[in-house]
Each structure stands twice: as structure tokens, then as C-alpha cells.
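After this come two complexes, each holding chain A, first together with chain B and then together with chain C.
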Partner chain A sequence: MIVVDTGNHIAALAAKMAKPHVIAAYPITPQTTVVERLAQYVESGELNSEFIRVESEHSAMTACIGAAAVGARTFTATSSHGLLLMHEMLHWAALARLPIVMVNVNRAIGPGWNIWSDLNDSMAQRDTGWIQFYASSNQEIFDNVIQAYKIGEDERIRLPVMICYDGFILSHTSMPVEVPKQEEIDDFLNEYKSTWQLDINNPITHGNIVPPEPYLEIRYSMEKAMKEAKKVIEEVGEEFGRKFGREYRLVEEYRCDDADYVIVTMSALAAEAKIAVDRLRDKGNRIGLIKLRTYRPFPHEYLKYDKMIVIDRAFSPGLGGIIYSEMEMDGKEVYGFIAGLGGVDINYKDIEKMYEYAKKGKDGWYGIEVK
Partner chain B sequence: MIEKTAISIPTEGAMGKTGTWRVFKPILNKEKCVRCWRCWVFCPDLAISRGDYPVIDYEYCKGCGICANECPTNAIKMEREEK
Partner chain C sequence: MAIKDLPTEEYILKGHAGCPGCPVTIALRIALKALGRKTILVIPASCSAVIQSLHPKTSFNVPTLNIAFEASAAAASGIASALKMLGKEDIIPVVWAGDGGSYDIGLQALSGALERGTNFIYVCYNNQMYSNTGIQRSGATPYGAWTTTTWSGKKEMEKNLAEIVMAHHIPYIATATIAYPEDLYKKMKKAREMKGPRYIEILCPCPPGWRFDMSKTVEMSRLAVQTGAWILYEIINGKIEFTADSKRLLEGKERKPLEEWLKMQGRFRHLKEEDIQKIKESIDKKWEFFKQMNLRQKL
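After this line comes the complex of A and B, so read on.
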């Protein structure tokens, strides 16, 4: 069935179809309509979930942790400052190995109060142990939310998963989305069985004191899961492709085969970059695109081209563009552009300009250092 | 379970012999003890059990002194541990 709706409503629909037992969320612009739509589903009886209204995002994540710790499937949604308020509990969810699924609508961080797209909110959570997906279309939002449950709940992984997408550019834009039948989703997602849970009949303590050596092992176990996740994400993406006709991997490679230059970016910028690649190809340029689907785990193995142009909608002050800074650059020519922060519009024409700059050996802050 | 996380199953000595943490040791004077069992009720480590009189398990008693504080007849004295 084709549904035409906004990114937020599509995220809510996907969450509904994954049938979480517990939803705890706090509204924040531009995520609000995700929460409103889910509350409506619960109110109307379409979704049989416990909807917990909380007083903050920190509490939203804590409520999800509590629910997940008794073995429930959970969902929440947030954005920007809300995500930052959750920060402590993001670590907790991941170290407790609870496969909570959350959508984060990317929005700039204040001050200057700004509600538009900027990936710094979620990219700053990179070390919390959450798997992170970035979507470039509403279809990808839907597909990523469904796959997130299967990936996070896989017993080789057991990590929480965040699905990120641009505020307003996707969250409030209606697009056609192919939505499978409920039975097909039920068939795709296995019933979640947690490997540990708080149970009054079999009491355990969670979050107890852990001496140094076992703590080191806990952290290493998380790293092993994150590495394993690369394999599981591709397995699940392939199975999703077989069932629903849209296959996914860690990255999407677009016209890269004979490319002299490859653009590396993610989120809505990658959709613009695809158009830029087509237009530049029409003019005889050999250029391709690697669209990162996951930022954590980071798909280094796909970024092996000699000349790459990295476009970041986020930066680490004192270092540079975040994706750019994480690239392995030995023996490669890599150009980094920081562009579109705080929702500055970046379209395919801007990306074509970045390509022209890179060819001349120039990069930097697009719109300030290079215009 | 494949994932490692911080879970502890309640068992005796899950954190080792916590008696080694002790600086002050509770000593019971049976002549003053009226067997009201307040020390048994209040011991946070279940290190006091009920015999004819309270029995203190020095393997796990951390020497917190709550029993001595709660004792209505001052039958428990905290004495510096000889090392």
C-alpha cells in the first residue's frame, strides 16, 4: 500500500507496526507530531501499547530503560535539546544492552535558538554505544525503524538503535511511502526475547558495582557487538530486500564504479548529492556518491576511493567536519566541506559547486570560507 | 547470554569477603543484651543471625556500627580492629 505522509507520521506508523509494548516520549519541535500520532493510535485502540507521558526526555529514556529491563519492546522519539538531555541515559541503555528504538529528528542546538536541520545533536552521541541510522527519504525512515528492531534485538547485538532524519526537510515533508501489510511486518520481526530481565520471581540486581577488570570486559563486549552489527545490518538489509523489494547495506553506492571523485555524505544531503551526481555525469564528469546509512558502526571499509569529497552537516569545534575527521586518509585525497548548519539550504547546485572547488584543491566552510 | 552487562544474582559473598573492609568491630556483651533483636533487624548486610543471642558473622560484617547505634542497652561496643 502507498501512503503519502510526513516523515514524522511515517516514523509513527512504522513504530506502530513494530508493536512496541511501551512508548514513553516527550514532545519537542520538530519531533512533536511523532508523539501526537502515536498517542492517537493508543487512544483509538489501534495500538495496544502502554503510553507513558513523562516530564522530560531524560525521564522518557529512563522509562524506556525500565520497560526494556523487564523484557518489553520499547519506542521513543526526540530531537536536539531533548536528545542532549537524554545523554546520560543513552549510555545507560547501551551499557545495559537494551535494544530500545528511538527516532531523533535532527535539529540544531542553541543558543541561537534554531529549529532547523543540523546533525550535531545525534552525531555528538556517537560514543554512547547506540547504532545510528540516517535516512534520506521517508521510505528509508519507515524501513529503518522496522529493521532497527530486528538488528537491535538480534542476540548477537543487543544494542539500542537510533534512526535520525532531518528536521522539516523530512519530518514535515509528505512523500509517498510503500507500507507492507501488518502480517508481513509481524512475519519479518521475531518476537523479542530478552536475555536478562528484572523478574520478581527470579531476583537480580542490574547496575550493581562492577570492579575494574569485569568493567573492561563489559566495554569490550559492546565493541564486539558493534563490529558484529556491521554483518547483522547487512544480513537484515538483505532479508528486508527479499521480503519487501528494497535491499539495504551499511552504505548506498551510487555510480561509483568508474568514478574519479566520490562524494561521501548522509541524511537529506545525500538525496541532493544524488541529483548533483546525475547532473555532473550528464556533463561528462566521472563522479559517484557513497551515502552513509549507518554512522555507528562507521563503514570505513566502503570509503576506499582515491579522491573523496566529504560533506558534513555537523562539526566538532577545534577539529572539523565530523565524518571528514573520522575518514582514513592515508594515501587519499579527501576534501571536507562543512555545510548547511542550522538548516542553511544546501541543494544539488551547491554540491556541484563543492565538486568544482575540490577539483581546484579547495575545501572548508561552505558559504563562508568557500562561496 | 552473549552480551556482558552489570547484573548480580543475590548470593552470599557476591562481592567477596566484605569483613575485610572493617575498621571497627562490633563486640556483643551478652550480660547487657536483652535479646530484643533490633541489631538483627537493622543490620544492612544480614551479618547478624538469631541464635540464643545475636551471632555476628565477621566474614561479612563491614563494621558499619548500625547495630551498636540501635542497641537500646548499649550491649554492642565498636572496638578498633586489630590487624
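After this line comes the complex of A and C, so read on.
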């Protein structure tokens, strides 16, 4: 069935179809319509879940942790300052290995108040142990939310998963989305079985004081799970393709085969980059695109091209563009552009300009300082 | 009921890491006897996180979730909702948090969970300071008390969290302290049998924090009540009842001199006469508040 709706409503629909036992969420622009729609689903009886209307995002994440700790499937949604307020509990969820699924609608951080797209909110959570997906269309939002449950809940992984998408550009833009039948989703997602839970018949204590050596082991097991996640994400993406006709991997490679230059970016910027690649190809340029689908785990193995142009809608002050800074650069020409922060519009024409700059050996802050 | 009539089941096992003379361990032992095995404990950063002892061992014989300092009531909310969805509503989430985690950093989550009507019990074991980090002042630290962040004595009066909780109009609110184990047990039991948010605050005199000998914990707890500094009561659906020695004080029995209690505690050693007067006035005011409440409901 084709549904035409906004990114936020599509995210809510996907969450509903995954049938979480518990949803705990707090409204924040531009995520608000996700929680509004979920509240409607629950109140109308379309979705049999407990919806906890918490008093903060910190409590939203904590309530999901509590629910997941007794074996429930959970969902939450947030954005920007809400995600930052959750930061402590993002670590907690990941270290407790609870496969909570969350959507984060990317929005800039204040001051001054800015509600437009900027990926710094979620990219600043890169070290929390969450798997992170970035969507470039509403279809990808839907597909990623469904797959997130299967990936996070996989026995080999057991990590929480965040699906990120641009505020307004996707969250409030209607697009057609192919939505499978509920039975098909039920068939794709296994019933959730937690690896550990608070059980009165087996009274464990979770999270008491842990000495250094076992703590080190816990951290290492997260790294192993994150590495394993690369395999599981592709397995699940392939199965999703077989079932629903849209296959996913860690990245999407677009017209890269004979490319002299490859653009590396993610989120809505990647959708613009695709148009730029087509237009540049039409003019005889050999250019391709690697669209990052996951930022954590980071898909280094796909970023092996000699000349790459990295476009970041986020940066680390004192270091530079965040994806750019994480690239393996040995023996490669890599150009980095910081662009579109705080919702500055970046379309395919801007990306074509970045390509022209890169060809001349220039990069930097697009629209401000390129050299 | 007498102490010998308490259930023989033990949910605090041998080898816990509480200090000698720790009132928190005594309180939790009695509380769990009343709550029973169908309990999930939620514990924020606090002494009770230490008392459990080191991973991979534990001295708690009920499932226990440790959670961040400010977050325990929110975690209990999630657990309560999940238990409902999973058809396990016979199990009760019980927060066991200190005064730092309740009066101060955890107040928002507590208020939210109360307002939402969360089906849980929240216990604040109040030792009137941040004891786990080594005796720092909290919102529950009384006027004049020495702590490591109030070297010359706290300049402000403590707040009263139970009064803040009252503003949420929840079904059950009670205070207790370990010198009255039957009273504590009965209140826990009563709370366990009700539904919705229930709040119990237990005064826990801390030997290293209050500066008294570890053999005097129970005496310190009893004197707090007999001097009127700590009032034992329960509020069931808005109706207050005084209990144990507080009931006797209300009925006209004379309070023991406050100085007896203050003198036993090194944290009050430096108090001047006017400081003691100030504390006495604040205790009188507290009694007046609860007496008025008692009178109003009798009208």
C-alpha cells in the first residue's frame, strides 16, 4: 500500500507496526507530530501499548530503560536539546545492552534557538554505543525503523538503535511510502526475547558496582557487538530486500564504478547529492556518491576511493567536519566541506559547486570560507 | 505486633557492604519483609548502590535495577508500564532512594511519576545529607548541621519532601524510622496492598555523617521521634493519622528536650543557643502544620 505522509507520521506508523509494549516520549519541535500521532494510535486502540507521557526526555529514555529491563519492546522519539538531555541515559541504555529504538529528528542546538536541520545533535552521541542510521527519504525512515528492531534485538548485537532524519526537510514533508501489510511486518520481526531481565524467579542485581577488569570486558563486548552489527545490518537489509523489494546495506553506492571523484555524505544531503551526480554525469564528469546509511558502526570499508568529497552538516569545533575527520585518508585525496548548519539550504547546485571547488583542490566552510 | 512476629524471609543476604550501624540496611531489611518477593527494586546512585556489594555478587535477593542518580522514579514508571503490558501486575516496582536522589536531583522525575499516577512505591531513606559521596549538604540537611560543604553549619532550613508529595494528592504517604520496626513494617505492608503512587520516607540516622557512635543508631532514631524532631504519621487518601510515639506526643505526652538529641551528634557540636532556639521553632511550626491538618479533617 502506498501512503503519502510526512516523515514524522511515517516514523510513528512504522513504530506502531513494530508493536512496542511501551512508548515513553516528550514533545519537542520538530519531533512533536511523532508523539502526537502515537498518542492517537494508543488512545484509539489501534495500538496496544502503554504510552508514558513523561515530564522530560531524560525520563523518556529512563522509562524505556526500565521497561526494556523487564523484557518489553520500547520506542521513543526526540530531537536536538531533548537528545542532549538524554545523553547520560543513552550511555546507560547501551551499556545495559537494551535494544531500545528511537527516532531523532535532527535539529540545530541553541543558543540561539534554531529549529532547522543540523546533524550535530545526534553525531555528538556517537560514543554512546547506539547504532545510528540516517535516512534520506520517508521510505528509508519507515524501512529503517522496522529493521532497527530486528538488528538491535539480534542476539549477537543487543544494542539500542537511533534512526535520524532531517528536521522539516523530511519530518514535515509528505512523500509517498510503500507500506507492507501488518502480517508481513509481524512475519519479518521476531517476537522480542530479552537476553537479561529483572525476574522475580531469578533475582539478579543489574548495574551494581563493577570493578575495573570486568568493566573493561563489558566495554570490549560492546565493541565486538558493534563490529558484528556491520554483518547483521547487511544480513537484515538483504532479507528486507527479499521480502519487500528494497535491499539495504551499510552504505548506498551510486554510480561509483568508474568514478574519479566520489561524494561521501548522508541524510537529506545525500538525496541532493544524487541529483548532483546525475547532472554532473550528464555533462561528462565521472562522479559517484557513497551515501552513508549508518554512522555507527562507521563503514570504513566502503570508503576506499582515491578522491573523495565529504560533505558534513555537523562539525567538531577545533577539528572540523565530523565524517571528514573520521575518514581514513592515507594515500587518498579527501576534500571536506562543512555545509548547511542550522538549516542553511543546500541543494544539488551547491553540491555541484563543491565538486568544482574540490577539482581545484579547495575545500572548507561552504558559503563562508573555501580555500 | 512484635519484632518476633515479622516474617522470617530474608531479602538482604549476608555479606552486604553497609557500614556497621547503618540504618539503611536495617530499614531495607524490614521493608522487604513487608514487600515480599514480588518486588523489583530501583536504586539510584546512593549508599544502597554500595550496600548491594560488588558485581558479580549481590546481597539483594529481589531483582534490582541500578539507575542514574536523578532517574529512579522514571525507571519505575517504565517498569510499571511494562509489567502491565506483560500481564505481571502482581509485581511492584519500588524505588529505594536517598534524600539527595529524592529531595534534590531526582525531584523532577519523582513529581512526574506521582502526577502520572504510576503504580509504584517510592521510598526516600532520609539521612539528611549526601552520605555516599562523603557527607555533603542536601535539601534535607537540617539548619545548623555540619557537613563537608557546610563547614560552619548549614545556613538554611531543610525542606520537607513529604509536604511536596502531599501536593500530588496520592493515595498513601507515610513517614517512619528504624527505631519503630513494627510501625515501619505495617506502613510498608499497607502501601503494598494499595494501588497507584505511594510515598514513604524513612529517617535514617547515619553514624559517620551525623557524627555519633555506630552502637547508637537505634537510640538516635528513637530520640528523633521522642523529641519531636521527626514525626511519624501516615496519610491515607488525604487523611492524616499520627502513629507510635508521635501519636502519644500529639495526645499530650511531653516531648523530650531537643538538646538530648542534638548533643549526641557531632554535626551539631558548634550550635549556639540561638541556633538551638531556631531549630526548636521550626519543629514547633512543623507540629503546628500537621496538627492543623489533623484538626481540619476532624471538622
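Here is the rule we go by: the second predicted complex is superposed on the first by the 370 of 371 C-alpha atoms of A that agree within 3 Å, B and C clash if a C-alpha of one lies under 4 Å from a C-alpha of the other, contacts with A are read in each partner's own complex, and residues count from 1 in each chain.
Heads up, the rule we're going with is that contacts are C-beta pairs under 8 Å (C-beta built on N, C-alpha and C of every residue); 3 or more make two chains touch, one makes a residue touch a chain.
Quick caveat, the model's predicted, so the values are computed rather than measured.
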Joint occupancy of chain A by chain B and chain C, clash or fit: clash
Partner chain in contact with A:A63 - chain B first, chain C second, else both or neither: second
Touching partner for A:I209 - first (chain B), second (chain C), both, neither: both
Touching partner for A:L95 - first (chain B), second (chain C), both, neither: first
Per-residue touch tally on chain A - higher for chain B or for chain C: C
Touching partner for A:G110 - first (chain B), second (chain C), both, neither: neither
On chain A, the residue positions that both chain B and chain C contact, one per complex: 203-210, 214
Chain C contact footprint on chain A (complex, rising order): 21-22, 24, 48-50, 52-56, 58-60, 62-72, 74, 88-89, 92, 198-200, 202-211, 214
Chain B - residues contacting chain A, complex: 1-10, 15
In the complex, chain A residues that touch chain B: 95-97, 155-156, 158, 195-196, 203-210, 214, 217-218, 220-222, 225
Touching residues (chain side chain C, partner chain A) in the complex: 37-40, 42, 49-50, 52-56, 58, 60-68, 70-71, 73-79, 81-86, 88, 91, 93, 108-109, 111-112, 115-116
